[in-house]
Amino acid sequence: MCTAITFATKDHYFGRNLDLDFSYNETVTITPRNFKFPMRKVDDLSSHYAMIGMATVVEDYPLYYDAINEAGLGMAGLNFPDNAHYFADIDGKNNIASFEMIPYILGQAKTVDEAKKLLENVSVSAEVFSADFPTATLHWIIADKEKSIVVESTKEGLNVYDNPVGVMTNNPPFPIQMYDLNDYYAISAHPLEHKFGNGVSLHEYSRGMAGLGLPGDLSSKSRFVRAVFTKYNSMCDDDELSSINQFFKILGSVEQVKGLCEVTPGKYEYTIYSSCMNQDKGIFYYTTYGNSDIHAIDMHKVDLDGGKLSIYKLNKKLSVSYDN
Amino acid sequence: MCTAITFATKDHYFGRNLDLDFSYNETVTITPRNFKFPMRKVDDLSSHYAMIGMATVVEDYPLYYDAINEAGLGMAGLNFPDNAHYFADIDGKNNIASFEMIPYILGQAKTVDEAKKLLENVSVSAEVFSADFPTATLHWIIADKEKSIVVESTKEGLNVYDNPVGVMTNNPPFPIQMYDLNDYYAISAHPLEHKFGNGVSLHEYSRGMAGLGLPGDLSSKSRFVRAVFTKYNSMCDDDELSSINQFFKILGSVEQVKGLCEVTPGKYEYTIYSSCMNQDKGIFYYTTYGNSDIHAIDMHKVDLDGGKLSIYKLNKKLSVSYDN
Amino acid sequence: MCTAITFATKDHYFGRNLDLDFSYNETVTITPRNFKFPMRKVDDLSSHYAMIGMATVVEDYPLYYDAINEAGLGMAGLNFPDNAHYFADIDGKNNIASFEMIPYILGQAKTVDEAKKLLENVSVSAEVFSADFPTATLHWIIADKEKSIVVESTKEGLNVYDNPVGVMTNNPPFPIQMYDLNDYYAISAHPLEHKFGNGVSLHEYSRGMAGLGLPGDLSSKSRFVRAVFTKYNSMCDDDELSSINQFFKILGSVEQVKGLCEVTPGKYEYTIYSSCMNQDKGIFYYTTYGNSDIHAIDMHKVDLDGGKLSIYKLNKKLSVSYDN
Amino acid sequence: MCTAITFATKDHYFGRNLDLDFSYNETVTITPRNFKFPMRKVDDLSSHYAMIGMATVVEDYPLYYDAINEAGLGMAGLNFPDNAHYFADIDGKNNIASFEMIPYILGQAKTVDEAKKLLENVSVSAEVFSADFPTATLHWIIADKEKSIVVESTKEGLNVYDNPVGVMTNNPPFPIQMYDLNDYYAISAHPLEHKFGNGVSLHEYSRGMAGLGLPGDLSSKSRFVRAVFTKYNSMCDDDELSSINQFFKILGSVEQVKGLCEVTPGKYEYTIYSSCMNQDKGIFYYTTYGNSDIHAIDMHKVDLDGGKLSIYKLNKKLSVSYDN
């Protein structure tokens, strides 16, 4: 399904794998400050923070999957099947359609705390974008340079959870993911003492055996555990190239290889793209399944005061550099 | 399939679970010193060490499953399907049929070292006991009060391995079992430090979480690991009752509950009996699946100089003591 | 910590393992209908359903661990550390101290539905029994012959959950236990098809390999999974002896062997007793760690209209039956 | 440590991850047919098949890590600590130093069968290349377009095993790796039936849950299982770009991220480079830890009849393509 992470070296990074069995013609899309976001049940956002992210643009409307705004706040929607529940309009609430959530938050909040404030009065509504774009069952991760939250609209209502690990995948609901993480407390990247039994002589016949028990499959809980483990043990230099390289390595540890996750007979889910956004500099990096070269789009290279979307098609073709 | 263990407190104990989907009318059987063991290809054993153990007696011949002799040497045959290989008679070797192995060794050896000596010239032959009792594919554990060995006749020939943990189950071959035990080196009965990652805060929400990773199923490798772990962390007083109680607890950790291991459609393997032999005192204790009461037969209560088998039927019926 | 299960053949059974590192001198105790249960904040129970169960009796007050009443309703309190939260008295609620919960429910309810009704107005209070008996952090399983519920008092208030599997251990909270059970959906007691990969040839080298992945440690989630798996695949005849024998086998699959679960340096938790109550007949069966013989107390053998407790000391000494 | 794989679509591919905590200045090196390979104990190879591979070149001698020859035969040496054993010179054997093994085989054999023939008379000797390059403890995988073998020199002598899965990592010895692979027979890339228990209702809350049980750590057995699973379930188009992209994805599933495998305090092993050789076309592709761009060197672009090495330094610097 999907994995989102935050990561910090000298700068701060936010991004995700999109894992699906099909693609909606996503593009990197910059929305400048004066692009008018029509809103179904609240006032339109005529003027707002500029944002850059991955979006399917339909009728000049950017349906964002993940994005950051110019203040460095990031937000991504990930699949949350069975558990996501959206509501009929509630009086006295700001009823925001699920597809409006990213523009609504990134357009108005500079920080997680401001996002939390906005969310206090939000109800996620079941309103569809159009007949061609049925409602996706999502939950969201929001992150600034310091902290991260998870937003889940379930039958019980809208839940906002602090996310101490800065990682989100899909099911189960976030509090269960965090509780279950405890099951892996004894796993380590560092050689461990042998404590199996008094008088049994065992030895580590391979480097890395302290990690035994780390799950390697593609289910959402296993990806969550693996991404947290990889992120929190990861080591890299703090310059930009080392940082984004390591960011893609962490996402690589939960990449879905084609053929490994059958969805319906003969259809397979895989990692369509991986994104990495520098929250400090407003740069969007990405790779695609078929092309591991890193491409970048810098939001500050366009006029952020404009009113028109800037749209960049993805480079999906692998290039090989011949050295002879 | 089956699990055999050795265990020591003040005295020394040897025994096993027999896990099968049927039973051959086993009995506790004492073979005195002058019972004549006919041998197919070597000299008959007319005079030998007395022994006590679980056996199916057919035409006055005790087909032993597990036994100890009066010198305290214990031996048990356990299933070793696919890997066991018996040979046609080999000139210059003592060709011992698989069903003769226990009397051949226990009749003549007082210690593991003496057993090893005997085995140097043994070839296990494929000779059957009778048409009604086809050859079982077995390997053997032999243990005195100090050490233990595993005897495996495979296509490569007769292999005798030191058994540093005093536990044996079934497949894979013993060297693989021992190698794979290393995979569990980080599991513990004692609370562990949390080393998952720098900055992730996890906690042990339950006692016993240091044991996470210990396999709980009934396959032979999982039973091997679980029995070794249980044996080497087990604690008990060293008197006879505490010791045999703990011995049956260790075997209980790998007991096969009826219904949990389907062999062929509708047929299930389970722990038919558990045995515990005091190697110092010559007492055979047992429980059966249907009767957890501990029964005992003392080999020294019969005339060990005799020539006739003493046979004790198993008490398979559960008894309940009403306290009011 | 502890495991409770329900089980049905022809009759219905309810019971548990008590796993602790110490013992409070428990006894099987019958409370007849007219024994006066003093209650701290609600009316005393002067007349109520009779009950039988394991209790520590202090100053003529039975502190029940697990019990059934004469109508066949069963209830057990199990450790729920960190997650249990008891409240200061709340106006308009029936404030029941945690140690009063079993008499309060079993004294007044014949069925789970009646218990649910009572619980609607209950708040569990932090009131202690006495300075010597500090408040235990508990949650409860309640079961009649048809269904089962779990009662958890947490910071959020009193939660009553349907328990579709009739098993309860300790942490995590019950909804997480049930969610996580899904992780084991592919484990089986029946041989499975090999689907690892197209063109890789693997084989089941041992019976029981379809169970690989079943956890074997003593943590509360692992015991939950193992007990559910064992219960739902268990097979036995439906007479009384077969049923209680199988009941103790299921509890045996999660028994804590001494030495395997260190609590504080040098102190170990183990299964102090196992209970099995016939809900139809009012018989309490038990075994203790040191004595696997099954003892029984029948509540209908005492005058249930009386006002005095009947107390039966546990038989903790192993007996061995010599067959020669 | 390391992982090597074979892979076939329309063409045939062979390659590996090199996982170490340091690097010896590796280069892609083409050895033409008339480069003279001095041999310590057998005749020098003055004329031989040309080869291309990753090598550290010392004093004009290519110490190959992995390579293919012009006939398409590939060979790689991987770490085999504790288990590798090299011998003193044996009369009547071709005593080949471990560092000479790749040139000796690739220089003379076109196929695995020819390699097997050569190996029949080989003893791997402990001779060192030089004081600065101590002997590495290796085993080897050899693969042509059809099949693959593993070559392990242990205390028992030189073992040559058929490798039916075309994957090799490090410890344990290959027969144990293959045996243990059976433990994963129930894992799948395809949704599975729920068979946990009769009457327990479980559901797959995430795609990919059929893969639960697949190990995710970096130990050599876990990488072996994961690489086999990924390879045998992998799906891709059969053109060159799709094939090499998928090849690097499979290697990516066992990539060692920096920081996740501590070797000695403060020193970490990681995937220094990944190679993918087209055995049909003689092209060597690689990526490095710091640079995910794919670089290529084609052996047929140099004069293969020459006598001098062609050496290509690795491109280790990440490049980012700005799209705006």
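Should a chain be cited, it is by its letter among A, B, C and D, assigned in written order, with residues numbered from 1 in that chain.
As a working rule, a residue touches a chain if its C-beta (ideal position, glycine included) is under 8 Å from a C-beta of that chain, and two chains touch if they have at least 3 such contacts.
Just so it is clear, the structure is predicted and the values come from calculations on it, not from any experiment.
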item	value
Pair sharing more residue contacts (C-beta pairs) when B-C is set against C-D	B-C
Chain at maximum distance from chain C, centres defined as averaged CA atoms	D
Chain B-chain D separation of Cα centroids, rounded to whole Å	43
Rounded Å distance, chain B centre to chain C centre (Cα mean)	34
Between chain D and chain C, distance of the C-alpha-averaged centres to the nearest whole Å	55
Junction residues of chain D - those touching two or more other chains	172, 179, 183, 187, 189-190, 205, 209-210, 212-213, 221, 229, 233
Interface residues, chain C side, partner chain B - complex	1, 28, 81-82, 170-172, 187, 189-191, 205-209, 211-222, 225-226, 229-230, 233-236, 241-242, 244-246, 248-250, 252-253, 255-263, 268-269, 285, 287, 289-298, 301-302, 310, 312, 315, 317-324
Sites on chain C touched by chain D in the complex	164-165, 179, 181-190, 192, 194-205, 209-210, 212-213, 228-229, 231-233
Residues on chain A engaged by chain C in the complex (per definition of touch)	172, 176, 179-180, 183, 221
